[in-house]
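When the chains are written out, they are named A, B, C and D in that same order, and each has its own residue count from 1.
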Amino acid sequence: MLIACPYCGPRDLSEFTYQGDANRTRPHPMSNDQSAWNAYVYDRVNTAGDHREFWQHSGGCRAHLAVVRSTLTHEIKSVAIARESMNREAAK
Amino acid sequence: MALYLRWPAGVIYTVAQSQRFIRAGTRMAEYSFLSLLRNALSGNEDWKPAWRKPDPRPSYDVIVIGGGGHGLSTAYYLAKEHGITNVAVLEKGYLGSGNIGRNTTIVRSNYLLPDNIRFYEHSMKLWENLSHDLNYNVMFSQRGVLNLAHSPAQMDEHARRGNAMRHEGGDAVLLGRGEVARMVPGLDMSATARFPVLGGLLQPRAGTARHDAVAWGYARGADRRGVDILENCEVTGFLREGERVVGVTTTRGEIRAKKVAVAVAGSTGRVMKLAGIDDLPIESHVLQAFVSESLKPLINQVVTFGGGHLYVSQSDKGGLVFGGDLDGYNTYAQRGNLPLVEEVMSELLAMFPNLARVRLLRSWGGVMDMSMDGSPIITPGPLPGMFLNCGWCYGGFKATPASGWCFAHTIARGEAHPLNAAFTLDRFARGILIDEKGQGATPKWH
Amino acid sequence: MVEIVSPLEPDYRRGAHGNREGGSGVTLSETQPGSIVQLAAWPGQDEALRKVIQTVTGLHLDAVPGAGAIVENTAAFGFAPGRWLVVDQAEGRGETLRDRIGSDLGTVCDLSHGRTAIAVEGERAERLLSKLYALDFSAGAFPVGQAKSTAHHDVFTLIHRTGVDRFDLYVYRSFARSFWHLLRASAEEFGYTVE
Amino acid sequence: MSPRRAHNGGRIDRATRLRFTFDGTAMTGHAGDTLASALLANGISVVGRSFKYHRPRGVFSAGIEEPNALVTVIRGKLREPNIPATQIELYDGLTVESQNRFPSLSFDVGALNSLAGNLFAAGFYYKTFMGPVVGPLKGTRFWMFCEHFIRRAAGLGRAGYEPDTDRYEKMYGFCDVLVVGSGPAGLMAAKRAAATGKRVFLAEQEAEFGGTLRWKSATIDGLPAAEWVAATIAELATLPNVTLLPRTTVWGYYDDNALGALERVSDHKAHAAIGEPRHRHWTIRAGDVVLATGAFERPIVFPGNDRPGIMLASAAARYASEYGVLPGERIAIFANNDSAYEAALALKDAGAEIAAIIDVRAGVSLSARELAREAGAELLLGYAVTSTSGARRLREIEIQPFADGKVKDGATRAIVVDCLAVSGGWSPAIHLASQAGHAPQWDESLRAFLPPSPTQRWTGAGAFTGAFSAAAALGDDHAVNEPEIEYEPAPVFEIHPTGKKSGKAFVDLQHDVTASDIRLAHREGFQSVEHLKRYTTLGMATDQGKSSNVPGLAIMAAARGLPISEVGTTRFRPPFSAVSLGALAADRHGHFKPQRLTPMHDWHLARGARMYAAGLWYRPMIYGAGGETVEQAYVREARAVRASVGIVDVSTLGKIAVQGPDAAEFLDRVYTNMFSTLPVHKARYGLMLREEGIAFDDGTTWRLGEHDFLMTTTTANAGKVMQHLEYYLDCVWPDLRVHVTSVTDEWAGAAVAGPNARRVLEACVESTGVDNDALPFMGIVRGEIAGAPVMICRLSFSGELAYEVYCGAGHGQHVWDALMAAGQPFGIVPYGLEALGTLRIEKGHVTGAEIDGRTSPRDLYLDWMLSKKKPYIGSAMVDREGLVAPDRISLVGIVALDDRPLQGGGHIVEQLGEEPRGSIGHITGFCFSPALGKYIALALVKGGKARHGQRAFVSDPVRNRYGPVEIVSHHFFDPEGSRMHG
């Protein structure tokens, strides 16, 4: 696989660490809704198809990337710097 | 090697015994040395299919989705242990096309946590008699599984595990450096090794089995007890009456059933979505495996590396069969990527520097149902009329007999057997985790 | 000032090594800068931070990922979103920068002891590094002045191309000696000189 | 007679003689020979034995698809098994051994298996060897007894136990266009791409470029094909944008146009040059890939088709044209297509007699007839070979009339030949294109699988695409003169004489899979191609069925009564051809992991430290003071700390700079306890959980400034904690203004501990006081030691008065020396991990053995650290029923009541019985406590505190250690902490 880090450019899979499913939102820290926490920590959509996920460019700039990738073909549909895209989403 | 000293008397005894037993058996198509000989003389023209290829019936008592090891053994034990024979196993491809047909064949019960030890120890006992039970040689070879230790702390961890097994009645031996060196020639035993070998934990009764034979043997066994095995029959949806699951739609038509059991390993996410269950504590990851060209006997046990994640054994055909870590990302593609191939080879050679001139023959991948604590799920539900078996991670091949045995019990009785009582879906919410590796909800690390 | 001891001692052997048939393909040297300082900007402060770098070092950095520059004894380059490394042969640059960078601009982290700087120079430099990193070292893909963050297995490395056939590598100090062995072994077929 | 070197012809260097040995017999060949051509030239016909029946086998092909002629190459003590003789370039001194025979190639006891052929039919082992159900051989014993012999009979070559000391290497390559294969199609693709200025790689698995053109009779632009190749390559070699990679097999096609390629750099040399690797493994990233991998000729299946002397027609022609070797003197051709006629002519030109061309077709093209005439061969149309004879080598073939796909009864005719060249049509080498998983398409006219539609950026060219002529491969730009050939073969894959017993007809030569095995598989229901493969092992040998798969599938299709297109083919997988494991490990062979060294590493070694590998780090375990046992050493070291003062290297602790206006808030979220209240110049012990409420890591964090913290982590978890923090900052709380940076390597650390620790510091620290006021417990000061700036924090892991002294790593040794000198008057002792462990166990501090990823903070009695005032990672889940259950295993102390050592991993039971049963927990760390004078341990035991004061037993069956213990508090020593606060 080749992941196009928005900062570093396209890089080999070996430089990246998969950081998991990006479909989950962490409940509010004060929330005591156990089922929400359980869903956040343990449940996965495990999509067969385009999957939102985090990768860290751990052997590079170390930024986390928000990636959409097909779990059927491994084709990468989009990549963004996670911190930026998270902040953008929060701003919306 | 004491076995060989006894061999002449032993074998005569053996052949006589087995023939007597087989003659006493009821069915015609029994496999034995004599039937082999008889057929050889008549040009092998009379062999019958190992299992029928029936058309689906409109309904069954139980439908088992997934013609892998677990689905097939479930059907077999439903018939054998519970007398439920109006059963169909639905397989989307050819039988055994999933992980049962692509694993590194290691069978062991050297677990740390009591729930796992008991379950896998039960499996081990079933393995020890499986070829007889199925009248199919699954080539279970109890050649021993040796986990190497490379630091005093790792020796202690192995001791903890070995002791845990021994306290549950299992077999485990802690070997010192010298014993390991004698047992496994070729290992890098030099003091300058990056991860010097200090010793290892041996489970003598553990070993390997011929993976395909397990699928075929269970299929034949189930078929002979009346189970319909439906290949090229992909489940495409579930029939529901309210909440209740009452059957499935397939590429070979609609099939109804009183109970529908799901045992589709790496496809769990996809199949359960068909039933409207979108979220499960499961991720699908690819695990690659490798086989070298065929060699004369070189490695006589299953050996695992403690300085990384690697296991290797030699198949009876002579290929070194080995694997390492997951590629480490969600995928449903049965193929991996190159960096992991290189990682696995580095680990193998760190352990066996003599193997650099051996050549890789083939590599492949399987899609694993990784659970959030690394332990399986065998449970009624999550919908009425449905039963779920998944979460096998790297380790479901060895579980094949016990998984089917427990799942059959669960399906027949509607509730878990004590052996699988801990393998629930709600254990995560309740915090009763069975986390063998202590890695938490990060499936790629289990 | 107390001397900074190199982690490469005692394996730093000056002179010519390896296959000498085709002459020396590369030169390896530890450059021992006195200051290696990381600057990290808060979102939106990149521009301001690059200005500070310019005032302090006189180096102008373009607003593109990995942009770098070098004069005499000073180099600076970006290596991650909002992060730059300033390298100086003189000690104490960290303090100067810390004084100039307020907490609303970003942070300063002194890594002068924590990173070991190794220069790889020569005709075969690109080829040598191609053995270690999954990077395209050709001039088109990796122009002079540019920097990249990468890794050779466990050895995280920042690479700054400081010449047509010169690359400055920054590796974590604790890994440096092990990495040095590998670098030398990899250079053997070209013949190499340690300066 | 037999094969021999032709008097002239071929492109070997007849002037250069090379010596080699085969099974100890000295022979010679020429530069340019492969081992296969040299063996043939030496008249060797039996080169190996087959897998199951141990049948004598000869050279069958001239390329990578060789199923038979596998040998072991020997270099000194190193053995390289299963190498096709067709792939070994001869060099002076080459030593090879034949395989799978005992005691010798010409007499092999295993060949007895052949007699029991029907018994050993496909899958026979599933039906027998199960042994008795009762008695001493019940269970798996009988099978394992048989397995012992089966394993020895199976397998091919023998690998050695000697570590391979050769060098392997990695290389990353980047190009715009990667051309795989250098036949006419590949050469043209490379030329065209190069002309546009693109960066081009041209990879060819063989030693020479040119593919089939090296031995084809064609002329191109008036030049003999081989000369045209040489000219083209010479031209490409001058271009700066072209990289030529001979001896480089592209073996794997991975995602996003990443291809694996194996370059055999020095296998063909007697000695590698200095620094030169044996193999180089390339990862090539290509913008586009051109697959020009050609095609494999396939055999026809007929009884007795495995005799030495029977080979592929193109191979026979190649031996004649390229190597000047005649594979026989009197040769027959057996074909279902025209291409073999060209081979006939080549063999004739090289000096062989072409006895006959036997073609299953009733009629052939005019040009084929012309070729047959030129070859001087009798043309036998509508015939098939139905049996062969000859002991070690082909002597005679028998033919019978053949029509409508069947052998016709009637007269058989015998033809005396010493070589039979067979062609059953061609299969494009679509392996790389298929690896990504798409199914290849069956082409009914070519009777071959063609490449699937691309899933990645590749295009195909030449024979790979089914365009089999050189003219097609070269395109319109060149004038090609070659025989006109019709490539559509007759749909005949197997000759199956009915009635008479005519011997085995092999499909997979290496694995001895016969046509009747395939029919048996069909009969038993193993009809899917994948079942067929697994049940019979068809195509699973070292050649992966390159020439045999299609005939095998065709036989199954016929048995099922289906067209081949519906039966399909088995899945292609990497590698395309076998790759040395050494090449894949590359530079990590012999250097698996880098070593991480602290700045004081050399000092430790010089002081006789025994080092301990902790992850990638090396740390002193004990310092060897002449002949001490480990226990004596650590007890001495620990005692010295309690009595006076000791010093330990703590540079390996993970250190992370946490900086920014929100740093304190961030730490409040990641630690269970509060950090925002920590004053500047103070440190605090912190505990981190995972979201699940399970303990993750612990360590002290120092507040160096309002916005500036230095976090320390355990050595083992440093990387994980760093990643954990980065994840939360990037993905969960992206709004926080915090930067984290790994500074582990920036700081050297030394802990000075013991009642005299302060005096040691007083003797060497300048620019700051270190007395209780200036430096209270958990305080931090900055100063200098011997001119080097230092940062000192007073904290204790040992329970003694202790300080951690941090300085720039490059000053580490300098400061350490100064501390040692200052400690001299107090008898300062350097101590290692064992003593460190001893001191911490006496104090009841937890480390990795207790924070093992399964324990909750309550299990470790760290609930006092769980803040009630704020949420933190894990706070929401730490109270789940499973984590607060009373029967969880919790931290306790253990004292051995029998004064014997305990060990980590030993279990604790309430009663000792016959059998070890009833574990209630296990020991996590143990030591001889110099402070208590007893063997003590920490343990995780069900019920924890509630058991204090109880009697129990250690039960450690794997080490055969049993004995009474007492369960006590884990705070063994100075529970009030008076010493460290003092």
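Quick notes on this structure:
The rule is simple: a residue touches a chain if its C-beta (ideal position, glycine included) is under 8 Å from a C-beta of that chain, and two chains touch if they have at least 3 such contacts.
Predicted, not measured: the structure shown is a model, and the values here were computed from it.
Looking at chain A and chain C, the chains that touch each of them are D.
Chain pair with the larger contact count among B-D and A-D is B-D, by C-beta pairs in contact. One inter-chain figure worth recording: chain B and chain C are separated by 50 Å, centre to centre, where each centre is the mean of the chain's CA atoms. Mean C-alpha positions place chain B and chain D at a centre distance of 22 Å.
Rounded to whole angstrom, the centroid-to-centroid distance between chain A and chain D, based on C-alpha atoms, equals 29 Å. Between the CA-based centres of chain A and chain B the separation comes to 32 Å, rounded to the whole angstrom. Shown for chain B are the residues that touch two or more other chains, namely 333, 337-338, 429, 441. Shown for chain C are the residues that touch two or more other chains, namely 134.
Multi-chain contact residues of chain D, defined as those touching 2 or more other chains: 170, 172, 254-255, 258, 283, 285, 588, 591, 593, 595, 691-692, 877, 880. Taken as a contact graph, the chains fit none of the simple arrangements: neither line, ring, star nor complete graph.
Across the complex, chain C meets chain A through its residues 43, 65-66, 79-81, 83, 134, 148-151, 156.
Here chain A touches chain C in the complex through residues 6-9, 11-12, 14-15, 57-63, 81, 83-84, 87, going by the rule given at the top. Chain A meets chain D in the complex at residues 1-2, 12-13, 17, 19, 22, 26-27, 29-32, 34, 37-38, 40-41, 54, 56, 58, 62-64, 66, 73-74, 76, 82-84, 86-87, 90.
On chain C, the positions that touch chain D within their shared complex are 1-7, 9-10, 18-19, 21, 38, 40, 42, 103-104, 106-107, 109-115, 130-136, 138, 141, 153-155, 172-175, 177-179, 181-182, 185-190. The touching residues of chain A, counted against chain B in their complex, run 1, 12-14, 17-18, 20-21, 34-35, 38-39, 41-48, 51, 53, 55, 69, 71-74.
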